[in-house]
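Listed after this line are the structures, all set down as structure tokens.
One chain, chain A, appears in both complexes that follow, with chain B as partner in the first and chain C in the second.
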Partner chain A sequence: MATETEQDGPQEDWGPLSGLSGNPIMWVLIASELVVFGAIFISFGFARLSEPQVFAEAQDHLNRLAGAINTMVLLTSGLFAALAVHFQSRDDTLKTRLAIAAAIALGAVFLGVKFVEYADKFEQGISTETNTFFMFYYLATAFHAMHVVFGMVLLVIVGWKNSFENVVTGTAFWHMVDLIWVILFPLIYLMR
Partner chain B sequence: MKYQTQKIAMAYFAVAMGLFAIQVLGGLLAGFIYISPNFLSDLLPFNVVRMLHTNALVVWLLLGFFGAAYYLVPEESEREIYSPMIAYLQLILLVVGTLGAVITYTFNLFEGNFFLGLQGREFLEQPFWVKIGIVVAALMFLYNISMTVLKGRKTAITNVLLLGLWGIAIFFLFAFYVPDNLALDKMYWWYVIHLWVEGVWELVMASILAFLLLKLTGVDREVVEKWIYVIVSLSLFSGVLGTGHHYFWIGTPKYWTWIGSIFSAMEVIPFFAMVLFSFTMVWKGGRNHPNKAAVLWSLGTAVMAFFGAGVWGFMHTLHGVNFYSHGTQITAAHGHLAFFGAYVSINLAIITYAMPYILKREPYNQVLNMVSFWIMNSAMAFMTFVLTFAGAIQTHLQRVNGEDFMDVQEQMQLFFVMRFGAGAVFVIGALLFIYAIFVPRKELLQKSTTAAAE
Partner chain C sequence: MKTHTLPSLKTLIVVWGLLMLATIGTMFAGKVSDVTSVGPLWMGLLLVVTYIKATLILGYYLDLKSATGGWNKGFNTLVAIILIAIYGLYFFGA
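Here is the complex of A and B:
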């Protein structure tokens, strides 16, 4: 049961999903996630239109430096994930696992910075009920952070069962987590 | 029918059809009470009729799922059911429990008794002993089916079916958890029905539909399996957090309005995928299966589920809309078309497919069945439109203009009369279906085989 049956040859039967690397069901998940985060960002945009002052004032409470650090941390982590795919394509298991470990470690750093940010907000008495801006802030960032956690678990699994397809599948999810952050950060933290 | 134990399904389908008849007659009665509010008000108050209408539905759909599992698992696993005896005992237990709940409810016996009396939580009001019985029956069922699957061939269809059936049992356990806080009470209350119909029931539906299309269209199993994996992923992704659309106005934190809106809006996608799936399979499939009625129901369930659950659900699931439409006839319109389209139709599809085999009645003279399909679908579509218009008017008068509830009800009379008419036609369709399934043409068909084959 544990041994993955390696599907050789292109998976032509998956229709439009066939051309994508990794497990096709991962791309169903990724597309669904992008729809959800997209909807959250659009909702945020509309909510911001109706209360521009509240949003502008509340945004100044955010720690932009922490957000910028986290952007670099997550992108670097994505680099290691991409390297893992590169090493795995050469069947270099040791380097693959080291690269995945580095990606996971940086994911943990991201969560650490996030924790500091949240702790600071709670200290200021800011919760999901403070105003619409912070409701979206918590909703989007916490939801994203949960994906970071899930992505780390996934990376552990694909680092352990490191078939090429598995590594590509795990990395695809991890890049999606990057991608969402790269949109989330400017939208919620920076945009004036 | 390749395996003897597939016959177990017949007992389940028979009880299910009996409850189906009771359910639609109860619905007709409830529809009449809308027109004439004091009808039977002392003997059988509206809330009791409504509970019977709703719970008879849920119970017969579950019985249909059990029957479907007993029918399709032997064929998929390529072996007999592990224990037919357990299967029949399970059915007896469920029937006793159902009768117990109905009698207790109708006459309000043992009021206040924790073990024997009603528990007062709407639709989960079954006496405690009945709830225990349901859990025992579910365990018997899961043991029986799981053992059969474990010992036999494992397919994507049985995997998804098992996942769905285990989910049904697990989420029912929240019926036992009743927090004192009313908001929390409602929150867990939804864990049962929502995570059923917008979660694990979709898995059961997808696997039954996959089985039917596999048999009816002759497409490759590989293709069918890929589709159901995609459908299942989409259902669980959207449906689980989609529960949030019940948490808009019950006292839960405000972020639920957004989580609920966004995820439940996506619930339309798996239903649309089922439409694409069923039509693609029928187009691609080379087999021209003689059971046309089963093909009709299989396509019908995908389409009507998409409209009822998908489109009519989406119509009022965004919290900005739901703020006005909540609890109006819009909800009733959605509820009727969604339950009929998705879960009634998938049950009728598998029954239509399986019964000719069980009764050895090939080659399927099923004109009556197909007539009942069109009657039921037309009646339900009409009822849905009528209730939607009523709901739109009600939303405007009551929620926008702020008129009194009862004044608004009076202004909707015409719609309630039309709904009753649609209901009456539906009952005729339902009874015709039951007749078509069980009664006609036992011997005649043997003679007319050559004629039917042309």
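Here is the complex of A and C:
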């Protein structure tokens, strides 16, 4: 696919990490988060092996459509985050901030849908102690939701202090949050 | 000083469209409105679509396509390992 805009990379020499866009420390964090969530996902797979019936019955309590809608919401917020980098590369601060605001707003929509899902589960008396499936469900989704909240705070900061490197670095975290959800959704909501 | 080539506006929007289509594909393969088991074949398809979505996010939104030093392949491989492990565990439990 076509590429268009060129930007200067980091000026410091970070060795192999210099080949990445944004602050290299963010990439260390992204790789670490992928490994941590990967370990949670694989543990979920192992737990499912020992209690397949419990997992199948418990998963039917989830709102799969809400999970799918939230996937679209988060991916669209990812588009706005990517657009923010595009606009910042052209020094268009207004459009950059608008794109970041849209990404944050969609992050809030994601959390709203998640809140409705949690409220529904609590009304049904479903908690972390209900069974192993729901222990993993709450662990993975709440941990992810905490990353969404942190990502929104980070986006506010880089929208305010909007140097090119800051915007690239802040939005990189947001895309990592997208990426984790893209794997989490089929695993927790659809695998049966 | 290194330079990074950013995806164009058109590319970003096309990638978003592909991600939306892939998500609809995920809903179809994952039988969102059904309570029956997905089955190994559909589960495999579901995870392939998930891998494609992940590579799009990594390559274009995280801009790893323009990164030097094999980072794109490295991150794609990490995602592939996670998804293969998930499928392997699903397959043995199916």
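The criterion applied here is as follows: the second predicted complex is superposed on the first by the 180 of 192 C-alpha atoms of A that agree within 3 Å, B and C clash if a C-alpha of one lies under 4 Å from a C-alpha of the other, contacts with A are read in each partner's own complex, and residues count from 1 in each chain.
Here is the rule we use: a contact is a pair of C-beta atoms (placed from the backbone, for glycine too) under 8 Å apart; a residue touches a chain by one contact, two chains touch by 3 or more.
Bear in mind that the values here come from a model prediction, so they are computed numbers and not experimental data.
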Contacts of A:S32 with chain B and chain C, given as first, second, both or neither: first
Chain B versus chain C as contact partner of A:D178, first or second or both or neither: second
First (chain B), second (chain C), both or neither touched by A:M146: neither
Touched partner set for A:Y138, first chain B, second chain C, both or neither: first
Greater residue coverage of chain A in the superposed arrangement, chain B or chain C: C
Touched partner set for A:L20, first chain B, second chain C, both or neither: second
Which of chain B and chain C A:V116 touches, first, second, both or neither: neither
Shared chain A surface residues [contacts with chain B and with chain C]: 35
Complex contacts: residues of chain B adjacent to chain A: 222-223, 226, 229-230, 233-234, 237-238, 253-255, 258-259, 261-263, 265-266, 269
Chain C residues within the chain A interface of the complex: 1-16, 19-20, 23, 26-27, 29-33, 35, 37-38, 43, 46-47, 50, 53-54, 57-58, 60-69, 71, 75, 78-79, 81-83, 85-86, 88-90, 92-93
Chain C-facing residues of chain A, complex: 1-11, 16, 18-21, 27, 30-31, 34-35, 38, 41-42, 45-46, 48-49, 52, 56, 60, 64-65, 68, 71-72, 75-76, 78-79, 81-83, 85-86, 89, 168, 172, 175-176, 178-179, 182-183, 185-187, 189-192
Residues on chain A engaged by chain B in the complex (per definition of touch): 13-14, 24-25, 28-29, 32, 35-36, 39-40, 43, 128-129, 135-136, 138-139
